[in-house]
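There are two complexes below, and they share chain A, which is joined by chain B in the first and by chain C in the second.
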Partner chain A sequence: MASQLKVNTLTGVTTAGSIVVTGEGNSTTTNLQQGLCKYWCDWDQSGTISVYDSFNHASITDDATSLTTLSFTSDFASTNYVISGATTGVGYDTANVGTDARNEKLAGQVQMRTKSIIDNNAENPDDVMVHAHGDLA
Partner chain B sequence: MSTLNVDALVGNTSANAITVRGEGSATTSLQQGLCKAWIYFRGTGTIAISDSHNITSITDNGTATYTVTIANDMGNATYALSIVGDNSGGRQNTYGFALVYAVGSFQIRMHDDESTVIDTTATGCTVHGDLA
Partner chain C sequence: MSSQLNVDTIVDKAGSGGTNVKVANTSTYVSDGGNVTQNLIDSVAKLTLAVRQSGTISESASSLNVSSVSDGSAGINTINSTTAFSAARAAVPTATIHDDSYNRGINVDDTSTSAFKTSCFQSSSGALTDSDSGNAVVIHGDLA
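Up next is the complex of A and B:
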């Protein structure tokens, strides 16, 4: 019978923010905290902007066509986190999402830009999805 | 509220398999759900890693082309790699694609929104898949 551990919180003993996990191949390990996705958001950018679902998400702001600011509940430790994602197309066009200017990327929020990959026009897709990996504060 | 203080998690039945109850009624795999490597680096001038997880080094292979070396190798080359660049060189969005997948490294090339190769001031990559 498989063993079952019921627990609400995991904390490292040697270092509170560091727990090692055995990898799939049994030959290496990985780090639990470093491997967790720290933020994700799925939102509708067409019309009145609204969030479908999210994790560690505080607020969303419609800055302008194609520009959206996402704010985190728990901040990152620095701006050196990775945030990437995808979008649905707009009409017959295909859009993508990326970070905007570096000065718009902060530990507690980031501005994202959605554009057509066909003609570079600003787009407001009805489904934009991003996730972020990095170190929490 | 219970708190488990522990340095390492190892599956009981199989060392490499720990199940976690999901937000609803289903379960998921702890190991399969973890991001196995990520990197955020500067790709202009002298390239440099700003922050990373399970990454050994990065190599500049010429304009817009970089090789990222993974510390603990993946179990196979069929992992999921995502790549994102910031706005560089006056372009608003930059994109990346994979040139080479290997268990211990991957090579990427960045281009701007006019399909011109470009050294990006900031590039992020995430790797999901099976560790060796």
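Up next is the complex of A and C:
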């Protein structure tokens, strides 16, 4: 018989922010909190910047051509989080999105740069998407 | 009245693993640092795939929520998801290309709620081209 447990919040007993789940192969365990994506955002960088959809997102700032600052609602515990992204193409060109500089990656915000991998020109794609993993505060 | 379950390990009823555990989409979890809570379902990847483009296209056995991958013209693939997203812009993909010989880039276009076109480019020429080693795609966002 299937069982159902209804609960609003999952909290570790030993450590509030640490719950272990069993892996798909049933032979290992992994930390639930560390495996979750802590931030994602999908935005339009062409024209007036705007957000299509997001999670843990506080604000977005159009800093300059190809430069955008994303701010988080809940901060990371440090600057050692992992952020990755993708964009849609601009014609036959393709833009890469990445952190602009180490010192622009803060616990509460990050500046992203979008540039062509073909000619290194600054680009403003109409669809830029990033994920961030790591430890929240 | 709010409820709170304190637990160190989550497994299914039989105690054999966690693959049968279901979690409601309003569930929250306590963060790593213990200071904030976040929605659990928003934090979970909704589609994962590793695919090799060159030759006969092949996808990884451990993909998640992938119904098929179609091979278009050079450099182009379309990933079809089993479960659709709530809107085309509700899917937030990232992609990484692996190639041991060339500097290449990849972009992702969510053409519908369940179809995602990936385009692989050669940096030196800008031409669309199939990657030799494979592409990795992860999509977060809101499912229907």
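Heads up, the rule we're going with is that the second predicted complex is superposed on the first by the 136 of 137 C-alpha atoms of A that agree within 3 Å, B and C clash if a C-alpha of one lies under 4 Å from a C-alpha of the other, contacts with A are read in each partner's own complex, and residues count from 1 in each chain.
Convention: contacts are C-beta pairs under 8 Å (C-beta built on N, C-alpha and C of every residue); 3 or more make two chains touch, one makes a residue touch a chain.
Here the structure is a predicted model, which means the values were calculated and not measured.
K.L.:
Should chain B and chain C be called a clash or a fit once both complexes are overlaid on chain A?
P.N.:
Once both complexes are aligned on chain A, chain B and chain C clash.
K.L.:
Using the superposition on chain A described above, determine whether A:42 touches chain B (first), chain C (second), both, or neither.
P.N.:
Second partner only, chain C.
K.L.:
One more residue to check, A:28. First (chain B), second (chain C), both or neither?
P.N.:
Touch partner of A:28: chain B, not chain C.
K.L.:
Applying the document's definition of touch, where does A:105 land relative to chain B and chain C: first, second, both, or neither?
P.N.:
The answer is first: A:105 touches chain B but not chain C.
K.L.:
Looking at A:56, would you say it contacts chain B, chain C, both, or neither? Reply first, second, both or neither.
P.N.:
Touch partner of A:56: chain C, not chain B.
K.L.:
Touching A:113, do we find chain B (first), chain C (second), both, or neither?
P.N.:
A:113 contacts chain B only, not chain C.
K.L.:
Between chain B (first) and chain C (second), which, if any, makes contact with A:17: first, second, both or neither?
P.N.:
So A:17 only meets chain C here.
K.L.:
Which partner chains sit in contact with A:129 here, chain B, chain C, both or neither? Use first/second/both/neither.
P.N.:
second
K.L.:
Scan A:6 for contacts with chain B and chain C and give back first, second, both or neither.
P.N.:
Both partners, chain B and chain C.
K.L.:
Do any residues of chain A touch both chain B and chain C, and if so, which are they?
P.N.:
Comparing the two interfaces on chain A, one with chain B and one with chain C, the shared residues are 2-3, 5-15, 18-24, 26, 29, 32, 34, 36-37, 84-85, 96, 117, 131, 135.
K.L.:
Across the complex, what residues on chain B touch chain A?
P.N.:
So the residues of chain B in touch with chain A come to 1-13, 15-16, 18-19, 30-32, 34-36, 38-40, 50-51, 53-54, 72-73, 75, 82-87, 92-95, 113-114, 121-122, 124-126, 130-132.
K.L.:
Under the stated contact criterion, what part of chain A meets chain C in this complex?
P.N.:
Those residues of chain A that touch chain C are 2-24, 26, 29, 32-34, 36-38, 40-42, 52-53, 55-56, 74, 77, 84-89, 92-96, 117-118, 127, 129-131, 135-137.
K.L.:
Contact residues on chain A for chain B in the complex?
P.N.:
Touching chain B from chain A are residues 2-3, 5-15, 18-32, 34-37, 78, 80-85, 96, 98-102, 105, 113, 115, 117, 120, 131, 133-135.
K.L.:
Under the stated contact criterion, what part of chain C meets chain A in this complex?
P.N.:
Spelled out, the residues of chain C in touch with chain A are 2-11, 13, 16-19, 21-22, 24, 26-40, 42-45, 87, 89-96, 103-110, 119, 121, 123, 126, 128, 138, 140-142.
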